[in-house]
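Okay, structure first, notes after.
Labels run A, B, C and D following the written order; every chain starts at residue 1.
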Amino acid sequence: MTLRAKTYRQLFASARSDGHLTACDRVIVVAILASVAVAIIGTEKTFAAENRSAILWAEFGFGIFFLGEYCARLWSVAECPGPHGDWTKRLRWMRSFFALIDLFVVVVTLVPFALMGAPILRLLRLLRLAALLKFGRFSMALKALGSAVIERRYDLYVTGALAMVLLLSGATALYWAEGTVQPDAFGSIPRAMWWSVITLTTVGYGDVSPITPLGKMLAAVVAVGGIALVAMPTGIIAAAFSDAMQTYRENLPPPDQDHTTP
Amino acid sequence: MTLRAKTYRQLFASARSDGHLTACDRVIVVAILASVAVAIIGTEKTFAAENRSAILWAEFGFGIFFLGEYCARLWSVAECPGPHGDWTKRLRWMRSFFALIDLFVVVVTLVPFALMGAPILRLLRLLRLAALLKFGRFSMALKALGSAVIERRYDLYVTGALAMVLLLSGATALYWAEGTVQPDAFGSIPRAMWWSVITLTTVGYGDVSPITPLGKMLAAVVAVGGIALVAMPTGIIAAAFSDAMQTYRENLPPPDQDHTTP
Amino acid sequence: MTLRAKTYRQLFASARSDGHLTACDRVIVVAILASVAVAIIGTEKTFAAENRSAILWAEFGFGIFFLGEYCARLWSVAECPGPHGDWTKRLRWMRSFFALIDLFVVVVTLVPFALMGAPILRLLRLLRLAALLKFGRFSMALKALGSAVIERRYDLYVTGALAMVLLLSGATALYWAEGTVQPDAFGSIPRAMWWSVITLTTVGYGDVSPITPLGKMLAAVVAVGGIALVAMPTGIIAAAFSDAMQTYRENLPPPDQDHTTP
Amino acid sequence: MTLRAKTYRQLFASARSDGHLTACDRVIVVAILASVAVAIIGTEKTFAAENRSAILWAEFGFGIFFLGEYCARLWSVAECPGPHGDWTKRLRWMRSFFALIDLFVVVVTLVPFALMGAPILRLLRLLRLAALLKFGRFSMALKALGSAVIERRYDLYVTGALAMVLLLSGATALYWAEGTVQPDAFGSIPRAMWWSVITLTTVGYGDVSPITPLGKMLAAVVAVGGIALVAMPTGIIAAAFSDAMQTYRENLPPPDQDHTTP
C-alpha cells in the first residue's frame, strides 16, 4: 500500500466501513477542540489582553496545522475509487460542502483578522467536527435520534400548540392584571410573554414578577401549568431518545470486526 | 358540481370525512394567525405608535377578509343536506355557536374601536381557529388527550389534594417562622402561599425568600418536597399523553384515502 | 330503622362498607373546608381588620355547627354493634383519637381566643378531614401509595444518601471557593448548604449566587448535578405512585353496589 | 471463640458474608456522622465562638474514640485468615488504603490544629463511612448503579455532546446579542456560559438575564431548549437507577440467613 493510499485511509472516514476514528482523526479532533477552546477563551478581554501573543501564536499554529491537513487531504483524495483523473477527483472534492468548510477554517485562522474581530467565525470550526464525525458512531446515534423525533412529530405539534396557547393565555392574563401597574414588564403582550416563557419553563429569573394579589393568583396558575408544559415534551423526548439508542445499539457493527487492517 | 357546492365543501370541514384541511382552510388559518399576531404586536405601545397606520390598514384588511368569508359561508351553507329551505338552513347556521363567533370577530375587527381599546377581544380570534380545527386531526388528538386525562381523574384528585396539603403546610410553616420578620412577604398565610407555590413548582423568582436560619431550614424541606409534587402529576400527565397519542394514531384514517375528490 | 340508626349510618363511615361519602358527610366536608378557608384568610391583617365582625360571626357559626355535629355523633354512636351499654359505647368513642380531635376543634372554635391568636390551631381542622375520609376512597388511595413507597424504601435511602453527599460536596466546594469573598452567604458550610439545596432542587431564588469565576465553575457542576438529583427520586416516586393507583383501582369496590340502602 | 476473634468479626465486614452491619459498626457509623456534623457546624463562626470549649471537647472525644477503634482493629486484624504471622498481617493491614484513612482521621482529629484551620480535612471522615459500608448493602446498590450507568455510557456521551452544543450555542447567541449592552454579564463567551448553564438547568438565579428584546427572544429559545436538555439525561439516569435497584434486589442475600452467629 502506497503512502498516499495510507494517508487516504487515515484521513477519509468514508474509506472505512466500521465508523471507528483513526489515530489521525483523533489528533484532528483534539486540534479542533483546542482551537475552539482558544477561540472561546480569547473572547474574554481581560484574559486576551494579558496573553495576546500566546493566543496569536496558538492561532497561527492551528492555522498551519489545518493548512497542512487540507493539503494532505487534497493530495490523497486522488486515491478515492472512480474512473476520473487525479485532478478531477481533487476539484470535485474541493467543491464539496465539507471541503469548503475546511478551506474556510484555514482562511479564517490564517488571514490576520483583528484578534477579537470575528470569534463567532472561529466557532464554525465545530462544523468541521461534524464533518469528521459524519461517518462515526456518534453520527449514527444522532441519525437514530432524528428519525425517532420525526416519528413523533405529531406529538410534538400537539404539545407545541398546547404550549403556545398556555404561553399566550398566561401572557394575556398578566397583561390584563398588571399592565397598568408594571408597564415596563407587562405593558404589552409581547413583554408579558417574556415573563410567561421564563415562568412556564420554571427558570424563574425574578427580573419580572407580579406584585398585585390578582397578578400573583394568575401567576400561580400559570406556574402550576408549567408542570404540565414540561411534562408532555419531556415524556416525548425521553421516549424518542430511548427508542433512538435502542435502534443505534441494534445497528452497531460488531466490535473490533474491521479494526485490524489486513 | 356547482360553484356553491364546491365552496361548501371547501369551507365546511363537516362536509368531508377525512379531517384534512382544504387549501381554503389553510388560507383562513394563516389569516387568523396573522391577525392574532398583529393584535399581539399592536399592544406594544412603542411599536404601535410608529406603525399606527400600517396596523389600522392590516386590521381593516383582515376585517374585509373575515366579512367575505362569513358571507361565503352564509351563501354556501344552503348546500348542507336536509329537507329545509335555503334560508332556514342559513338562519339555523347563523345561530350556531361558531357562526356567532365568526360574526363577532368580523364586528370586532371592523367597528372602529380605539386601536388599543380591546386587544383581548381580538385574541378571541383564536376561538375561530378552534372552530376550524374542530373536525381536523388536531382535534382528534385533543379529544384522545381529554379522555385519557378523564380516565386518570382520581390520580389527579389524589395528587392535587397532596399538593394542596404540601402547599398549605409550607405556607403555614413559613408564616409561623418568618411572619414577624418579613411581614410583607410572610405576614399572613395567603401571602406565604405565593412563596409556597413559586417554590414548590421550582420556579423560584427570588422576590420572596426566607432570611432566618429556621425559615431557611423549613424552606429547604419545602423545596425538596417540590420534587415529589412535580414528580407525581408529571408522571400522570406524561402517561395520559402517551396513551392519548396511541389512541389517536389507531383512530387515524389511512393517509390519502379521501384526498382526491371523485 | 330508627332515626338514631339512620343518623349513625350517615355520620359514621365505618358503618358502611362501600367507602362512599353520604350527603351528611359532604356537608361536613364543605363546612370544614370553609372554616379552614376563613381561618387562612383571617390571618391577612388588612382583610381581617375590615371584616372583623363577619369573620367572628362565621367562626361562631362554624362553632355551633361542629358542636351540633359532635352531639349528634355522641348520641348516635350508641348504635354501634357490641354487647356494651349506650354510655359505655359513648365513653369509649369519646376517648378515641378522632373524637378528641372533634372536641378539640369545637373548643378551639368557640372559646373566644383573640381573633388572630392561634390561626395555626384552626388549621388543625384539616385533621378532621382526615378522620372523615379515613374510610373513603381517598384514604384507600393514600394507603396504596404509602405501601408502594415503603416497598421502595431502599431506593429512597440510596437516593437520599447520594443527594446528601452531593449537597454536602456542593456546599463544601462553594465554602472553599467563596467563603472569604461572600462571608454572609458562604462563610460556613451550614450557610453554603442553603445555597446548595436551592440550586440542586433547581429552585434558584438568586438571593445567594457565586460571583468569582472559580465559584461559578463549581456552581455550574452542582447545577448540572441537580438534574441527576431530581431525576432519581422523581423516577422512584412516579413509579411508586403509578403502582399505588394500579393497586387502588384493583381494590376498588364495584361502583354503586352498596349505594342504595335496602 | 476468643475475644480477639469476636472483635475481629465485629470490626471487619469482610469477615462476614451477609453484609449486615454489626452493633459495633452501627456505633462507629453514628460516631462518624456525629463528628462530621460537629465539623460542619464548627465552620459557622458565630456558633463556634460561643461554643468553643464544647466543640474542642467533642473533637477530643472523637479523637480518643477513633484512636481506640484503630488500636482494636490493629490488634484483632491478626485473626484474619492466612499463613503469615500476627505482625505481618498487621503491617499489611496498616498499609491498606482504608487503614491509612483511619490513621489520617485519628491524626487530623487529635493533633491540635487551630479549630477553624482545616474543616475540609475533617469532612474526609466521610471516606471512613465509605470504608465501613464497603461490604454492606448500600455498597451493593451503588455497585449496581455504577454498572447500569456504565452500560448506558454511550447514551450519556451523546446527551452530553448535545448539551455542550446547546450550551455553547446559547452562550454565543447571547454574547452576540447582549455582549455590548451588558459587558459584565455577556462580554465574553465564558461569561455568557455561566448564564447559559444556569438557564439550561432551569435554576435561573436571575443575577444575569437579558434586557434587550433580541436577547430575550434568544433566551426564550434557550430556556425551552433546557426542557430537552433536562429530559434526556433524566430519562437515562432514571432508567439506569431503576435497572440498578432491580439487579440489587435480585442479588440481595435472603434476609436473616447469616444473622445468628453459630
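As a convention for this text, a contact is a pair of C-beta atoms (placed from the backbone, for glycine too) under 8 Å apart; a residue touches a chain by one contact, two chains touch by 3 or more.
Here the structure is a predicted model, which is why all the values come from computation and not from measurement.
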* By the contact definition above, name the pair with the higher C-beta contact count: B-D or B-C. => B-C
* Asked: Rounded to the nearest 5 degrees, what is the angle of the rotation that puts chain C onto chain D, matching CA atoms?
  -> 90
* Select the interface copy of A-D from among A-C, C-D or B-D: the correct pair shares over half of its contact pairs, counted by residue number. => C-D
* chain B to chain C: how many Å between their CA centres? -> 33
* What whole-number Å value describes the gap between the mean CA coordinates of chain B and chain D? -> 47
* Structure fact -> Where chain A touches two or more other chains simultaneously, the residues are 190, 202-206, 230, 234-235, 239
* chain B residues within the chain A interface of the complex -> 40-41, 43-45, 119-120, 123, 126, 137-138, 141-142, 145, 190, 193-194, 197-198, 201-207, 230, 233-235, 237-239, 241-242, 245, 248-249
* Which part of chain A faces chain B closely enough to touch in the complex? -> 152, 154-155, 157-159, 161, 165, 168, 172, 175-176, 187-191, 199, 202-206, 209, 213, 216, 220, 223-224, 226-228, 230-232, 234-236, 239
* Please name which positions on chain C make contact with chain A in the complex. => 202-206
